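Before anything else, here is the set of structures, which you'll find just below.
Each of the next two complexes has chain A plus one other chain: chain B in the first, chain C in the second.
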Partner chain A sequence: MTGTPILRLVDLSKKFDDLRAVDGIDLEIYDGEFFTVVGPSGSGKTTLLRMLGGMDQPSQGDILLRGERINDIPANRRPTCMVFQSLALFPHRSVGQNIEFSMKMKGIPTADRRARAEQLMAQLHLPLDYYDKNVAQCSGGERQRIALARALAFDPEILFFDEPLSAIDYRLRKTLEKELKDIHRETAKTFVYITHSLEEAMVMSDRIGIMREGKLVQVGTPDEIYNKPRNKFVSEFMGEVNIIEVQKATEDKLECPSLQTQVVGPSQPTGFNSGHLVIRPESVRFLNNSGSAENSVEGTLYNIYSLGSRMQYQVRVGTHVFLVEKLREQGYEGELDDVVKIGWDARDSILVSD
Partner chain B sequence: MASPAAELESRAVESSSRWAEFRAWITQPGVLCSTPVLLLLLIGFLAPLLVVVGYSLMPPRTFDFGHVPTLENFISIVNESYYRSFLWAFGLACITVVLLLIICYPLAYGMAKLFGHWAHLLTLLLVIPLFVSENIRLFGWVLFLIKRGVLLGALESWFGIGADSMLYSVPAIVLGLVYVYLPFTLFPVMLGISMVPRDVTEAARDLGASRWQVFREIELPLAMPGILIGAMLTFVLSLGSLAESKILGGQAVIMIADDIETAFTFGQNWPLGSALSVLLILLVGSLVLYVLRRLDLDEILGRR
Partner chain C sequence: MNRSSSKLTRNLIALWAACILVFMYLPLACVALASFSKNRYFRFPIPKYDTVWYSKAFDSLTVQGLFETSLSIALLVTAISVVLAFFGSLAFARFDWRGRKVFQKIILLPIFFPQAVLGLALLLWLSSIGIIPDWRTAVFAHLIWIVPIATLVMSIQAYSFDPALEEAAFDLGATRWQTFREVTIPILWPGIFSGALFSFLLSWGNFPLSLFTTGADQTIPEWLYAKMVSGYTPLVPTLGALTTLGAALVLLGGYAIIVFSRGKGAK
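Our next item is the complex of A and B:
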């Protein structure tokens, strides 16, 4: 995705005493895109978002909104709005009053406020008779929608989301993720979202930035992140994959100490010495009865898990435990402790640095 | 169908099950734990209160209960201008509460949100004087304010400025009340302010509210339980205060507690003192009940 940058961060840093929570971030966020920052807890993503929203001051660097430096503009005068992790609904106000808060602060007449609030409630599937309801009596999903409606009522140019879905149960989260993506398309506003779940980011985002120890490790579309993870950290973030430590053996062969064998890998970058080989569980095949693969190893089957539509197998090879995933109907028929032969092709593996 | 024997048996079962219910109730940890304090309140609080109510209905200057109940004492409170000391007490208590809220809100805000670990030191500094008797602290103020005392003496000998002492005036009483009851306003207000979540005020600000709007729309209403408790505590304590008006006020004004004391001691008129007490208790009690009905104590103490 390309476009005009709405937000540009230049060498943005935040220091707390000796800790560099955010460490020299350069980034452009485009007008109307859904950008997600993914990182483990303590990676500085919340601090980054708080600086963008105006709740924290950068120690160094600039934040440019449409080319204008906004470092010193306080949160209440930035055309941005945050949906907090806690949602930060006003407990002493009704649903309607929560949604109308920003309009009340601007001095918009009561009737107009109400009309806009009801419009937003309809858009976000909130029953209209919730208008006078106490926010404390609303369910988790409803509270999410109220918080989003309240932020949209402010009519910001950019919406920030600080892991608002982290406390929601799985099924509802999946629904809300998709709804959020719909809202993004309907409003055509810029969304900057942070989460610790790459899976969540993949569902919603146009682009994803992976953050680690205050730095952006990789920025790219979900496809780029999925297919070309830059290093082991990014690959690990994708959930359950096989990551095997490798060293250069020959120009096209790699030595795997944990498997005590050599494998054919993808083409090695110049100057490659050692790194990790990433193989997706669904790219690994069982080779016992038929079939062949460029690389094959033998091991013992030591666990079988049902994942619903798919089956997952753990195969111990040397000191490494391989994960293999198959669709249920194509599952491997066998017993635990069977000696099995598994294999994969070189083009299904990705070579990453440490 | 039910034979007499069976009926008797079922009654026995019923009474034994009631006994079991009572035992289950009485042996609950909550009930057991509160028994000592309930007994203490019964003997030490409710009984004297009943005695006072009883005396308030006896004829003036009697010392036993063997008389026909009468409302004479209450009538004489209105007729003999005792209402003045009531008004003084109420007025000074109101002024004290207002002044303390103005002083304490910024201080409490700082202690709850800004001062960090310095807040602990400040708390300590404010609490330590409470270990010294109130009278002694008030006499300290007398030494400070008296003619040729610490303040005026220093002004006169160093700068040659002569001024009249503010001692034995209404402002001196207010000063004493504000000084003595500061912690009783400060700490509840601080608790109230610390109950306002940071991200809620941040969210309000993010939604375009100015500092003043955040204060009016978010902080003040959310801190209100603490503010009300602090104000109520200070009001009730000031209303019943005696030492401030006596030590710092001299005879400038007479507050209700002073009148009550006089009636019981010099006046030797227990029924009148009792009637004044009963009236004060009724006024304060209805105020406290009114405020408490509007508050959720569970929420303040963080049980929800």
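Our next item is the complex of A and C:
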């Protein structure tokens, strides 16, 4: 997806004493896109977001909103709004008063405020009789919706989200992720979201930026991130994948010390010397009864996990533990400690740098 | 635990609580009783009950003067200590700055000084710099002891304050002043309120600091002490009962306000 950039970051950096929390970020965020920054804790993603929102001052570099430098514009005069990790709902105000806060600050008449608040409550599936309810008496999911309604009532051009779903249990989080994506479509505003979960980012985002130690390691669509992770860090972030240390053997063969064998890999970039081979668990096949693959190894079936619609197998080969995933009806039929032969094709593996 | 022993435990706890209550409140009740005696001298059992000393207390110019002095000091101490403690507790709980730990220790120190020593030190200091003590110097003395306590009381509230609340308000377009008025003050209000209550009551009942620093002026606790030492009149228990009643009313009033505002917020 391309379009007009709404936000442009130029060499954006933030130093805390000796630590470079955000280190020279160049990025364009397009008008109306859902952009997610993913990174482990301490990667600087919150600091980045706080600079964009105007809560922190950059030490270096510029933030351009539609081409205009906004570094020195304080948060209350930026056309942006943040949904905080703690949500920061005002505990001394009712649901309605929370939603109307920004409109009250602007001096909008009471009746108009109420009309807009009720419209937002309807849009976000909040019962209208919650208007006078104390926010402390609302459930986690309701509080999320109130925080989002409050931010939307401000009518910002860009909404920032600082991991608002991190404290929500799995099932509700899945629902809210989809709701948020729906809201994104309905409002057509630019959303910038940060999270430590690539899975969460994949569900919602148009584009994803992976952050590590203050730098963006890779920026791309969920497809690009999934199919072409740039390095081991990004691959590991995707969750359960097989990552095997490899060295160059010949032009098309790779030496795997942990498997004590050589495998056929994808084409090697020029100057390649050593790196990692990434193989997704669903790309690995059992080869015992029939079938063949370009690469195959033998190991013992160590454990079987049921993942609902899929089954996951742990196969120990040398010092390496392979993860294999199959649909339940296509699962491996055998016993624990069976000697099994597994294999994969070169095109299903991805070669990444460290 | 079986049923009978839990009953025994309950009874023992009730007995214990009753003992403590009697031990704490019986002396106060005795003073109240003594104040209703018609007799000039403090004697039990009270030969004849009367409210004559109450009407005398309300008519007395001395009592009026004492009341005015005590009230002026307490109100002024409350106003100043609330402001100082509010900003002190915010600085202390919300921000990390060089010297914060030192501030924490220095602010706590006066609480542990014996008040009589602190009063004497202040008296010596005041006379050495040529200030003649009166009720205003007592305000200063009370503040030294009360501001730290009020700061501690308010810090409890300030500590539980999520700084993101202010950031959120500011981010939603509020000015600094609107943020302060709409978010900071209302959320810290219970702390401010109890800090004010503490300040008033501690100043109202303070004796050792007042003794050294009021000069020619006299507060109610000072007068009570002076009259106990020489020239006892039944006005002593009367005024004692009245000041205690006053403090209790302030406390009850404060409690009522808190309950009322909570009921309103929960609606």
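By our rule, the second predicted complex is superposed on the first by the 354 of 354 C-alpha atoms of A that agree within 3 Å, B and C clash if a C-alpha of one lies under 4 Å from a C-alpha of the other, contacts with A are read in each partner's own complex, and residues count from 1 in each chain.
The rule we apply is simple: contacts are C-beta pairs under 8 Å (C-beta built on N, C-alpha and C of every residue); 3 or more make two chains touch, one makes a residue touch a chain.
Bear in mind that the values here come from a model prediction, so they are computed numbers and not experimental data.
After superposition onto chain A, the partners chain B and chain C occupy overlapping space and clash. By the touch criterion defined above, A:101 reaches both chain B and chain C.
Shared-chain residue A:88: touches chain B and chain C both. When the two complexes are overlaid on their common chain A, residue A:191 makes contact with neither chain B nor chain C.
By the touch criterion defined above, A:154 lies against chain B and chain C together after alignment on the C-alpha atoms of chain A.
Residue contacts after overlaying the shared chain place A:332 against neither chain B nor chain C.
In the superposed model, A:313 makes contact with neither chain B nor chain C.
After overlaying the two complexes on the shared chain, residue contacts for A:134 are found with chain C alone; chain B is out of touch.
In the superposition on chain A, contact of A:344 is made with neither chain B nor chain C. Touching of chain A by both chain B and chain C, each in its own complex, is seen for residues 53-55, 74-77, 80-82, 84-86, 88, 90-92, 101-102, 105-106, 150-151, 154. Those residues of chain B that touch chain A in the complex are listed here as 197, 199-200, 202-210, 213, 217-218, 221-222. Contacts from chain C toward chain A in the complex involve residues 162, 164-165, 167-175, 178, 182-183, 186-187, 265-267. Every residue of chain A that touches chain B in the complex is listed here, in rising order: 53-55, 74-78, 80-82, 84-86, 88-92, 101-102, 105-106, 150-151, 154. By the touch criterion stated above, chain A contacts chain C in their complex at residues 53-55, 74-77, 80-82, 84-86, 88, 90-92, 101-102, 105-106, 132, 134, 150-151, 154.
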